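The following pair of complexes shares a single chain, chain A, combined with chain B in the former and chain C in the latter.
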Partner chain A sequence: MRRYLPVLILAAVVIAVQLVVRAAGAVYYLTQATMAAYYCLVTVGLCLLMGYAGQISLGHAGFFAIGGYVSAFLTTLRLEAAAPASRFLSRLGVLAERQDLYENLLLGVSPWAALAAAVLATALVALVIGLPVIRLKGHYLAMATMGFGLIVFRVLLGTRFLGEADGIGGVPPLPLFGLEVSGGRAHRVESYYVAWALVLAALLLAVNLIHSRVGRALRSIHGGEEAANALGVNTTRYKLATFVLSAVFAGVAGVFLTHYNGGIGPSEAASMKSVRYVAIVAVGGMDNLWGTLIAGALLNFISLRGYLGSYDDAFFAGILILVMLFFPDGLLRPRWLKRGAP
Partner chain B sequence: MPFDQILQYFLAGVTEGAIYATIAIGFNIIYNTTGIINFAQGEFLVLGGMIAVTLSAFLPLPLAIALAVAATMAVGALVDLVFIRWLASPSVLRLVVITIGVSILLREGMLHVWDEKVRALRHFTGSEISSVRFLGAHIAPQALWVLGIAAVIVAVLAIFFRFTLVGRAMRACAANRTAARLCGINTRWMVTLSFCLSAGIGALAGCALSPLTQTQYDMGAPLAIKGFTVAILGGLGNSMAAVAAGLILGLLEVFSISLLPLAYKDAVSLAVLLIVLFLRPGGLFGRLEAQRLKEF
Partner chain C sequence: MNPQLAVGRLSHCFGGLKAVSEVSFEVGEGSITALIGPNGAGKTTLFNLISGTIPPQTGSIRLDGRELAGLPPYRIAELGVCRTFQTTRLFPRLTAIENVMVGRHARSRAGFLAGLLNLPYTWREERAIRQRAGELLEELGAGDCADEAAGSLGFRKQRLVEIARALAAEPRLLLLDEPAAGLNLHETGQLAGLIRRIRERGVTVLLVEHDMSLVMDISDRVVVLNYGRKLAEGTPAQVQSDPEVIRIYLGGDHA
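And now, the complex of A and B:
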């Protein structure tokens, strides 16, 4: 029961924030709180990879962008209703109609089918990249993942049908049991709850994973990979699985944020974004899900509100250096935060 | 493709390759003395270029470049003194993350000092329209300067590491740090010196490059990653092989333009990096085991 206590506290905080913000008449804060939630989702996944499997990734913004772009591309397609391919797809039930600005009917892939495709694409890319990458260590691993992120960035920037530097706009909202994930003012509160519910679900999954056989195997890798291997833990497989899982977290976050923002641009794949995710996990204390979550929520919110002005990137770099110089085990690890962990 | 066009591409590739090779040598010097990959290497090029551009407004060009190199060397030494030197047995991951942070700080600092405008140093001789004819191809005098400077850097370094006391001390430090310390070599200062040296080489390359490709605050990272590709391709720590690897990558990039869109040019070299890392992490010319015996 103890390990779920933080989850309940988080749920209470999420509700409390909404009530306080409403009472204070500053509902617009929820917009940044929602976006921060999706970035938190990325860092929760990255925390599993960095803190528990002990592998750094400087390319997670790439996975975020792959998820977002696949979803954006598919949902903004303009298919011909009469074309045989569209007829086949519509029989599968994966197409959806939408209206443009002039009330013309457009035919694209439905958001949920696009979500499935985006998750699949992210997982597949992560698997193909991960197979060789995960065997690398130290700066080889850092450079290889950074290189992957840069390739994604360059390809997005140079590809005509993905909008080049402009990215893809006009992405329709994501319907969800009568609710809607979109940036419209009417859907602000429900989008906020959907975002944090997703983070909660991801956290539950992560917490359970850490306390399972898989989690123990991962920790043994972090402690000493050769020893773990000698004990019969298939370290490569566990590392790869964690890599793919954390990439999928990033991809899902990308899909949802794209629907929320109504579009996505290549800057989401920029290497600075990846460094920022790593900084947040480092502040949180590497193998500390709750610390990562708190750091992610606060830092992303501050940054998204624009309090840092043009010193945004410098702020994250400064934090990263300070933490690594003085607190290599992370800032946020008082004992009450570690209670759930063995 | 007609011969003179191939030659034209070839010369462009060699010029780019020479730059990548000098960046790779900068990586190698620091890697050999410390075991660190300095992710801020690309920023040294930009910093050198920027300072030289500013100084050249009121100083003669050679003096401006010399001062820029000296200033960047001081920054390099400062990076070591402030961020690296006093850490007691830090892990590789920690150092990687710290140098990444330093590179971003340098980049953001340059953004606030020099804004985001694209700047360029004067051509060392002639101007952007002058060219030398060579077997039917045209080559800019500045490209010759780049090649010449790269060659001089390689030659001077080779002499420095073989025949001077300090150079030999650095090699000893690379081969075995504890033994070097027992022989009375101050290994900490050797590390600082290696940062100085890398920064200076980077700054000089940045100055030579500036008239050709311009200098902008955020072009450090792409340059660094290509330099790193070359360093890996040649085998990390091996500077002579880095020259060959630099030429290979430069040529590969230039000829890729004739097949793929220009926008994908950077993606090509990154793909090369990933493939080499996966297939031959010891580099084209060496093995991982042989690489443990570090040699400049």
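And now, the complex of A and C:
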């Protein structure tokens, strides 16, 4: 199964990075490497949509934020007053108890139930937005999805119970088979591995999809929608499904990063974030999952380390212009990367 | 012959222009029927209406008695009508064989979830799709370019791959839009043989064509369109001797 070779290589690289960083005594790098993983998750989904199905979205930061905010809102709800009535829900795992710094008992929606709600909400919003919008082509689709992203940003910024400009803080860690996704130092290594395991899982799904009958249909839509439709491909449905799938990837990334950071703010929904995701997929070469992944990991890491200072957004916007002008097929597509991939 | 395709009083306007106006004709099962007419007569529009690319405004299109008008193109393809395009529309970045494999789409079923999870039942289906596509390319004489990007193929090969792609969907009715355009005399002769072979597979053929020697050579029936209206219909011999047809093709002086 040659198509899975790159997945194994990536797994090896993930382990190697952790070992090298530990040997070098620079474990703090893992924090940015973990955050970069979640942004990579967004771009893997966007790569399916842009590179394979050939549809653009300039609103994926909106889906990321919806995932993160739903999860943050639910897990920070204070339900102690309803405690006696909610014992049943606790037993089902929908609600979870925890203690704050002062050992007061807090009762809120359990992170896993919140995750499920967040994924559902993201999928539902993507479906409702996508249904009319995915019929648009080219620039019109870009503008419509950008409009969606702007709306999400403004709504988050103006909504009292979502913390307005402050966002939501105090989000509890996400427990996972005895591990924990949280920003605490003690959980740095396991959070790093959980993040990249999630990216690997997403890549596996994406690799499977692009090698399947549906993946071929998606590439045919990219190559000529009218011809694809005339051959029996339900183009609208496939585009919509890919749109929703990529939105769910973004939503899941939003949920995990929110747990990792302990909160989320409206800047995650900013339209420049969406532009950044598109720039990364473009640098990676559009229909090139591995290129997108490498570009995403490196550029996000550089940005998260703060090397770009206040020029962060300018950097990504500049990259997008340069790639479109001089490398419309992307920078990262050497032969060995493309081999075995369609 | 039973009518496989029955077009009834089909009309379509683009703005004020009546591209197709009250056109009715039938295509017999297992026949080769040609649509001819001067440029702008509405032939390609008629193709687009039958294949569902343009939803018809009025009139009916029945395939084996089943109404196609108003159905989306992918449904019409599933029901057994496939087409090629006037300017070939291969998926340029897919290889030739992948193009033909897309043609199997309507005859296979692995969905999104099966694809994401690479479920075992899809393996056999994928193998069958690839095998069938390879066979079709061989049959049409394009087997040597199976793994080349379709966009880099020569013009004639692109034509063949496009026909293979349409045949992969196992159509009952195949629509060929100017299949001989750009081919030389020798290649056109090969094409005639190919179209006959397609018919022998049990596929009904409806073609739009400007090459009159090809049309008169292979067609069982010919339908003549002019300014969106049906002008004449009959066997090649009947149509060739129709004074109206001679007039529009050769100009008034020859009538």
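Heads up, the rule we're going with is that the second predicted complex is superposed on the first by the 328 of 342 C-alpha atoms of A that agree within 3 Å, B and C clash if a C-alpha of one lies under 4 Å from a C-alpha of the other, contacts with A are read in each partner's own complex, and residues count from 1 in each chain.
As a convention for this text, a contact is a pair of C-beta atoms (placed from the backbone, for glycine too) under 8 Å apart; a residue touches a chain by one contact, two chains touch by 3 or more.
Remember, predicted model here, so these are calculated numbers, not experimental data.
Clash-free side-by-side placement of chain B and chain C is the outcome of superposition onto chain A. In the superposed pair of complexes, A:R22 makes contact with neither chain B nor chain C. In the superposition on chain A, no contact is made by A:R185 with either chain B or chain C. When the two structures are aligned on the shared chain, A:L209 is found in touch with chain C, with no touch to chain B. In the overlay built on the shared chain, the residue A:G232 is in contact with chain C alone; chain B does not reach it.
After overlaying the two complexes on the shared chain, residue contacts for A:L157 are found with chain B alone; chain C is out of touch.
Between chain B and chain C, it is B that contacts the larger number of residues in chain A. Superposition on chain A leaves chain B and chain C with their closest Cα atoms 8 Å from each other. Within the complex formed with chain A, the residues of chain C that make contact are 51-53, 72-74, 77-78, 82-83, 85, 89-94, 98-99, 101-103, 105-108, 110-112, 114-118, 122, 125-126, 129, 165-166, 169.
Only residues 205, 208-209, 211-217, 219-220, 222-224, 226-235, 241, 245, 287, 342 of chain A touch chain C when the two sit together in their complex. Per the touch definition, chain B reaches chain A in the complex via residues 36-37, 83, 87, 90-94, 96-98, 100-102, 104-105, 107-109, 111-112, 221-222, 225, 228-229, 232, 261-264, 266-267, 270-271, 273-274, 277-278, 281. If you check the complex, the residues on chain A that touch chain B are 56, 58, 129, 132-133, 136, 138-140, 142-144, 146-148, 150-151, 154-155, 157-159, 271-272, 275, 278-279, 282, 310-311, 313-314, 316-318, 320-321, 324-325, 328.
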